[in-house]
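What follows is chain A paired twice: with chain B in the first complex and chain C in the second.
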Partner chain A sequence: MLRRLSVLLLLVRMFVKSQMEYRGAFWLDRLAQIISYGAVLLGMWILLQKFELLGGWNWPELALLFSFQLLAYALGASVSFTQLRDLEELVRLGTLDALLTKPINTWAYLIFSGLNIGYAGHIILAIPVLVWALLAAQVEWSIGNALFFAGSLLSATLVTGAVITMIGAIALIWVRSNHLFSIFFGFWELTRYPLNIFPGGIQAVMLTVVPLAYISAVPVAVLLGKPVPLLGDFAAPAALLAGPLLVLVAVTHWRYALSRYQGAGG
Partner chain B sequence: MTALIEARGVSKRFRQHKRFPGLLGAFKTLVTAEYTEVAAVSDVSFDIQAGEAVGYLGPNGAGKSTMIKMMTGILVPSAGSLTVLGRTPHEQRMANARQIGVVFGQRSQLWWDLPVIDSFALHQRIYDIPQARYAENLERFSALLDLTPFLDRAVRQLSLGQRMRAEIVMSLLHDPKILFLDEPTIGLDVVAKDAVRRFLAEINRERGVTIILTTHDLQDIETICPRLIMVDHSKLIFDGELGRLRAALGSSRRLTLEFATDPGPLPLATATLTSDEGLIKHYLLEREDVSLVHVLSEVGSTRDLKDVALHEPNIEEVIRTFYQGRNIAATATS
Partner chain C sequence: MSAYVAFARSGFLTSFAYRNEVWANIFGKLVQVFARVAIWLAVYAGVTAVDGISISDMITYALLGGVVMGATRYDRIVRHVGNALKTGDVAVWLLKPVHYPLYLLAIEAGASAYTFLLAVVPTIIIVALLYGMQPPASAFHGLMFVGFCALSFLIHFLCAAIFGVLAFWLMTVFSLEWLLQSLISLLSGLLIPFWFFPEPFGTMASHQPLAWLVYYPSAVWLGRLDTIQTLLYFGFGLAWLGLLAALLALLWHRASSRITVQGG
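Our next item is the complex of A and B:
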């Protein structure tokens, strides 16, 4: 087990080393990311100067929602997004075939050989905003609340990774999967806002079929003691369980997709 | 003893979305859910024993790579049974992986931006190769294929020939029992091809590594593989020694007779006249049991025969003739 872990760490080291072959571009990229997400946050701030509340949420609460979502996404996506987005290309070019002949878990190899340190930009922006928002918003801190915060952040990270893995795995069957990622990001942008501002249909979708509400609106609302549409009292356990449950679904789906893999080309 | 690889009636069919021609057809393709089944491998059976070197030959799309992918556990056969080292490859892909080496000519397994040696080091860790054995293999193979000068260079800076040599060395570092190579010499220059071929032949001979390689290039097979498996349109059409292929495919030898004085038309029972230039006449020897002696005794000593040339078709001609014949047959029936 420990030995397997050391192989994965070596994979990460090698990937970082390859990235550093282009380190100028790397840091420029991070700067661009911070600026683009910063602009989104600024847009929300401007909006709140005019309206003061959005669905009953004030500025510090929305900043908490935004930073929680950004952090959970960055952590979850760093272990899934670019790797699974590129899976389509690996399938198309046949590179995946070579991976399948190695005595190592294919998903683990894929994830750790491409562990995206590029999300550093998201994290550099999210953490200070999160810390400020946690202090500025009216969170009633207790041990239970603190544990819930840590647990739901972890769960949100898992939800992100699991959903992205499920979308990416579709490439194993249909070769193409990237169009589904555009749908994912469509819903993902909605998760920067409180769930209650959306019509009931969208709320239901985001709590079930595209379960992205669990990466921000549900846990943050619980933390702030706000009501969660549709879930009510079940919001807290749902936020904590969503991650582990979706991981199980994603693992099953990944295995199924791999068994259906047809390869591409000769 | 059971065979290292046993294929019994192995088939692989791919489901393809049915496509309709033209722009309207493209829309139709989008909204219909009709599938056509394409057979990539149909009812192929063979046994491969330990230590053999087998060439898997066939034109593009004949199902060569698909067979390799089934033997390495990447693809699941649609029908038939396949065992490699006593295991069903796709069910025990990981266990199988430890004992086989795989080289894909057209897809690299090396890390593009890192020195070659880094990819090797990762390979050592993934396959748990003991340090002493790793060092020994690396030294021996690097010497044989002359890798030492570029082991510390980033893979993206290597020539195709250098990269291919590195890929092959990597695939052997964990002492695999079987080495699968999918078109290992594709795109290489003559010198690099030769180096790869001699190395593979030596590995097979000295270490007893069983080699299975697919190729378009007959020279690969002539140098490395005493045994040839030939496939066409997903079916196995020949399995045996390379030398037997000519007889099996019924290719004819060509005979040229040159006379000092024109003997006039000269039809023979033992050979078929194909062209007559007067002094020089060309024949085909279609029957394997007819030798040059038979032909010459039929021609007789009274004619003013000046020179005789018997032309054995090389293997490439044999196969080309076979495929051309098949195409003609296909056109005739369609």
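Our next item is the complex of A and C:
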């Protein structure tokens, strides 16, 4: 067990070292991402200066939603997105066959040999905005609320990682999976806004088939004591349980997809 | 000239080969347009008009944003230059008797035509049937909207190509693509029209070139500009087009004389 852990740590260290080889370019990329997400936040601020409320949410509450979503996404995607997006190419070229023969779990190798520290930019922006918004949005703090905040953030991170893993793993069966990420990001952009502003159909999809409402809208609404459409009183346990449950589904799906893998490259 | 027509045709047909991606794209766009409409419905919250702009105007504005920005993809153009630079293909393009920026324009025109016909038009029809869409303010405004759309495509292309060519100096397109994304999301008027910006930022934003991407085509359709203003701002748009084309030509000239090929 310890030996396996040390191998994974070595993989992470090697990848980080390779990423930091071009240190200037690395930080320039992070700066560009911070500016890009900052522009989205500025857009929201401009809108709220004019209209004050969006679906009953004020500016600090929307900033809380935005930063919670960005942080949960960055943490979850750093252990899934680029690695699983590139899986399609590994399948197409046949490179995955070589990985399957390695004496290490294929998923663990993929994830840790490509642990994306590029999400540092997202985190650098998300944390100060989150801290400011938590203070400004008048959250009623209690031990229960604090525990819920930490637990739901962890759960949201797991939801992100699990959904991306499930999409990426489809490449093992269909060879192509990247077009499904367009659908994922279409829904993902909606998670910056309160769930109650969308039509009932989109709300239902985001709570079930594409369960991205659990990475921001549901937990933040519970934290602020706002009603959650369709879930009602069940929203708090749903926000906490969504992550662990989806991880179990993703593990089962990954194993199934790997068992169906036949190879595509040569 | 016939070579560029062939490139445009190739761009169209290449998109045709990846039909799954087009279907996924239609679905993705449908969700985004629905979202923009939902945001306006939510902020208006039962109020019929804000600053003389009705909710029906804003739904039409959100749909028109989908029409003018739905087909062209700045990221595709920036990445095309980035890949050509990374693989060394750009050296091959310099040897060919074609002008690389014009080749990029032809390929993008073909790919955009495909996405427009197969993804944008169906998406807009579906959302317009559900939420309703206003017709153009007059026949003149409708006609000028077509002209503004052409201007929008060309300015969009030029901005993306300029950012792509900057990679010759920075040697990375990742940050350039993200920077352009931030500029477009805020300064094209795609998310929020400039009439809702606090002053003087609204006036400033409506005179920079990205304003011609979404803001002016949509404002003209809605009749927010009278005949004189429409023609005047079409002229300003043409001037920006000329300036950006000259800037791209200059940058391309400089870039092709200092090229360092990494791949090959």
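Here, the second predicted complex is superposed on the first by the 266 of 266 C-alpha atoms of A that agree within 3 Å, B and C clash if a C-alpha of one lies under 4 Å from a C-alpha of the other, contacts with A are read in each partner's own complex, and residues count from 1 in each chain.
To be clear about the criterion, contacts are C-beta pairs under 8 Å (C-beta built on N, C-alpha and C of every residue); 3 or more make two chains touch, one makes a residue touch a chain.
All values reported here derive from a predicted model rather than from experimental measurement.
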item: Combined model on chain A: chain C and chain B, fit or clash; value: fit
item: Superposed model, chain A: greater residue contact from chain B or chain C; value: C
item: Which of chain B and chain C A:Leu147 touches, first, second, both or neither; value: neither
item: Which superposed partner A:Leu180 touches (first chain B, second chain C, both, neither); value: second
item: Touching partner for A:Leu135 - first (chain B), second (chain C), both, neither; value: neither
item: Partner chain(s) touched by A:Gln33 [first = chain B, second = chain C, both, neither]; value: second
item: Angle at chain A between chain B and chain C, C-alpha centres, nearest 10 degrees; value: 90
item: Contacts of A:Leu248 with chain B and chain C, given as first, second, both or neither; value: neither
item: Touching partner for A:Arg3 - first (chain B), second (chain C), both, neither; value: first
item: Superposition-derived minimum Cα distance between chain C and chain B (Å); value: 7
item: Shared chain A surface residues [contacts with chain B and with chain C]; value: none
item: Chain C partner contacts - residues on chain A that touch it in the complex; value: 22, 25, 28-29, 31-33, 35-40, 42-43, 46-47, 49-51, 53-55, 176, 178-180, 182-183, 185-187, 189-190, 193-194, 197-199, 202
item: Chain B-facing residues of chain A, complex; value: 3, 6-7, 10-11, 14, 17-18, 21, 93-95, 97-98, 100-104, 259, 261-263, 265-266
item: Chain A-facing residues of chain C, complex; value: 18, 20-21, 23-25, 27-32, 34-35, 38-39, 41-45, 50, 170-172, 174-179, 181-183, 185-186, 191-192, 196-198
item: Complex interface listing, chain B residues touching chain A; value: 14-15, 60-61, 64-66, 69, 72-76, 93-95, 97-98, 100, 102, 104, 106-109, 111-114, 118, 121-122, 125-128, 154, 182
